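In structure tokens below, several structures.
Below, chain A partners chain B and then partners chain C, in two separate complexes.
Let's look at the complex of A and B:
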């Protein structure tokens, strides 16, 4: 019954027009970035490399598909959560708003199974959105700009990663980004269990992300103590896979914190959904 | 009378409180196999709360609910597999077709439902040809029919319909009423039907319970409950004064309700209609018409205001 329910949830997500807003928005934004980089990419690169040109000489194809993919990921990973929450925040509350929750919960399947079906379908949607972003950024980027070594600018300075060393870094980076986005999907699904309308959980998810991001950026001692425990602090951990040497401890600690958040939020969602009186 | 003595639904002293608000105070009733059972009460009496509790949508504060002889809380899935229901209005996924909506709910019903069964049930409720249409374009009546299709798709033993005719036009009401009677007569289903309209229950149900302010007021056979009441019988006669004198000479007092033109409205039982008629005829009073009316609404109002 669980798999039948999960199949139903896939069908519903696939049939909902809002599910395609994310795909469309990513296609449009990445398309614009690719176009802009194709037209004016060299000026952009010169601007970044200018401070180093007195001490370093750059050779080879710096503006390549790998760099484009990295730039696009960096730009979009903050905005993709909104597109994810648009769908996952509606998974439970949308049924309440439409009234279909009354029929759904009178079927011989436990509420926990229904919730996990929705969660699994939401995670699959998150993966599809991320894979589409990866396809446009990495595959289409490489088709347009070719391939080459990746030059990354971080707080430590300039890191140049060889092309042969990039595939596993991108794969691991995307996996970490997926974990961050699953965290967002879990948050919005949990908020969705508390609401009877679609918009509330979506707006609340974004409000929490903004609030935590601001707290994470404030250089105040009292806030610095909680910053390591905010999930937003760990949403950029995917970038750590493009550092040399690899900060393994930092990556593991971030993954654990995200996992703990996911499990904690899921427990709240299951508790709330099972105790909820359906009055809609 | 019920077709069977097997209790399908047993509700005992059901209570549901939301903080200080008491939605259901003490509701008890039994539904037997083969019943079309009317669950009657004014708006706000606690009908929907009780029905939602029967379907495990709401957790009761107190009380016992047994369906098919089993405790609802301990045997939720076993019980729900044997029930088809519409709670308030039939809401579906507007972005999916009628067929897809039925398939989605059928998949969760606990039995394997073939595509031909889906088409058969859609045809049964009179929606043949609209299977592929999205629900966004369906009228309330069509959604109500689809709701009934959804309740039947897994061939349940008990069908629970919460206010199924609300919002329908007169033709829609007649169609749904006929569909419910078809379910009872052709498919041998037990139907639990809630309504705030007494005449609707009278037309369809064989047994009923009346609740008010969250409490059971009366329960029993519809015909017995209604026939136990006196009738108001209108006699249209040519000589009102003589008729009044004759009625005054009878041992039963205060049987005249009121006089309207040449009509005498009398409080009498059904058995006394031919007696009065014979009395008038034997005394050369011409009777042009006799019309018997049950004071349904008065009866209902009397009960719920008790």
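Let's look at the complex of A and C:
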């Protein structure tokens, strides 16, 4: 019953036009980036390597599919959460707004199972969005630009990773990015349990992401104390898989903080959904 | 002492000193000529290179590349990986020594490098428009090879090169080269790099000069004078 319910929830997501906004937006943005890089990518690379150009010469294929995928991911991973929240923020509140929640809760399945069905369907949608992004960035990027070593762009230095060393890093990085996006899906689902309309949870999720991102970016001592506990700080942890040596402690701590957020928010969502008054 | 005797002594001393300077310059030119002629023995070559970069702001593993050279100045580094090589250095000395009329060579003295006595020769370009500001070469004049060189140019800053010779000493080609180069401080906007929340927690190594970097190149499997097609340099 649980899996059937999850399947139904996924069909509901697939039937909503807004679910395709994310796919369309990612396709358009990645398409523009690929086009821009194809036309003017060498200038972008020159800008990065310029400080070394006086005494050093960079040989080999720097502008390749791996670098393009990395650039696309770091550009988009900040914005993809907004596209995820557009769908997952509507999962519970949308039912309330359409008046279908009463019918839904007449099913011979517990409220907790219904919520988890919605949550799993939301996670599946998140995975599809991420896989689509990965496909466009990595697969299409490699088709257009070829393959090669990855020059990881950091603000205070460059890390050059060999091509043979990249597959596991991308896989781990994507897994970490998925965990971050699941965190967003959990947040918006939780907020969705508190609302009777779709707009509220979606906008609230976006507002929280923006607020936390701004707090995380400010170099003010009083804010630096709370920055490690903000989930937005850990949403870029996927980048750590492209560092050498690998900052294992940092990755583990980020994963733990994200998991704690997910479990905490899920607990709140279950509590709220089980006590939700559907008769009012 | 009569005025005549004093004048004679001054002229005599001047003649000796001038003569010594001219001889020293001629001697320096002869040494440089011998080094140049030795470097010309290899008309072309290809060689496998292992490049290790120890540079502030750059972290990378050693990579393998293939280097092609053809007289007079064709040079190509071919690598599947991203390779970082000095902008000048591989054939810079021989290029510089090609025209002895374009510079003044001055013998500065001697120095022992790894047990080998070397002549230190300073090279000062005659042209104001020359990219080279000052060149300093440590030459083993028994083998006619450059063991160390320091070139200061307008465009590329100062680069120090150390050469170790082995099997290809006959051609004046090194087995190992160490380049020390000046590096500017690296900083790109976080909006470009994307590491928005990344604040470096690494403690900088105080024993290292943050503006100096080194590149170690080990060269093996030389293929000398076996012909290198021009198409390689056009790729």
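Basically, the second predicted complex is superposed on the first by the 275 of 280 C-alpha atoms of A that agree within 3 Å, B and C clash if a C-alpha of one lies under 4 Å from a C-alpha of the other, contacts with A are read in each partner's own complex, and residues count from 1 in each chain.
We take it that a contact is a pair of C-beta atoms (placed from the backbone, for glycine too) under 8 Å apart; a residue touches a chain by one contact, two chains touch by 3 or more.
A quick note: this is a predicted structure, and the numbers were derived from the prediction, not measured.
Q: Using the touch definition from the top, say if A:265 reaches chain B (first), chain C (second), both or neither.
A: So A:265 meets neither chain B nor chain C here.
Q: Go through the superposed model and pick first if A:216 touches only chain B, second if only chain C, both, or neither.
A: After superposition on chain A, A:216 lies in contact with chain C alone.
Q: For A:54, is the partner it touches chain B (first), chain C (second), both, or none of the two (neither)?
A: second
Q: Quick check on the superposed pair: does A:277 touch chain B, chain C, both, or neither? Answer first, second, both or neither.
A: first
Q: What is the contact status of A:136 with respect to chain B (first) and chain C (second): first, second, both, or neither?
A: The answer is neither, since A:136 touches no partner chain.
Q: More residues of chain A are touched by which partner: chain B or chain C?
A: Counting contacted residues of chain A, the larger count belongs to C.
Q: Just to be sure I read the superposition right, which of the two partners does A:72 touch: chain B = first, chain C = second, or both, or neither?
A: neither
Q: Mind listing the chain C positions that touch chain A in their complex?
A: Touching chain A: residues 55-61, 63, 65, 77-87, 155-157, 159, 181-190, 192-198, 200, 213, 215 of chain C.
Q: Can you check the complex and tell me which residues of chain B touch chain A?
A: 18, 52, 55-59, 76-81, 83, 85, 87-96, 100, 104-105, 107-110, 150
Q: Which residues, counting only chain A, touch chain B once they are in their complex?
A: Touch list, chain A to chain B: 1, 4-5, 7-8, 11-12, 15-17, 98-100, 102-110, 275, 277-279.
Q: Spell out the residues on chain A that touch chain C in their complex, using ranges where they run on.
A: Where chain A meets chain C, its residues are 47-48, 51-62, 71, 74-75, 78, 148-149, 151, 153-163, 213, 216-217, 227, 232-233, 236, 239, 244.
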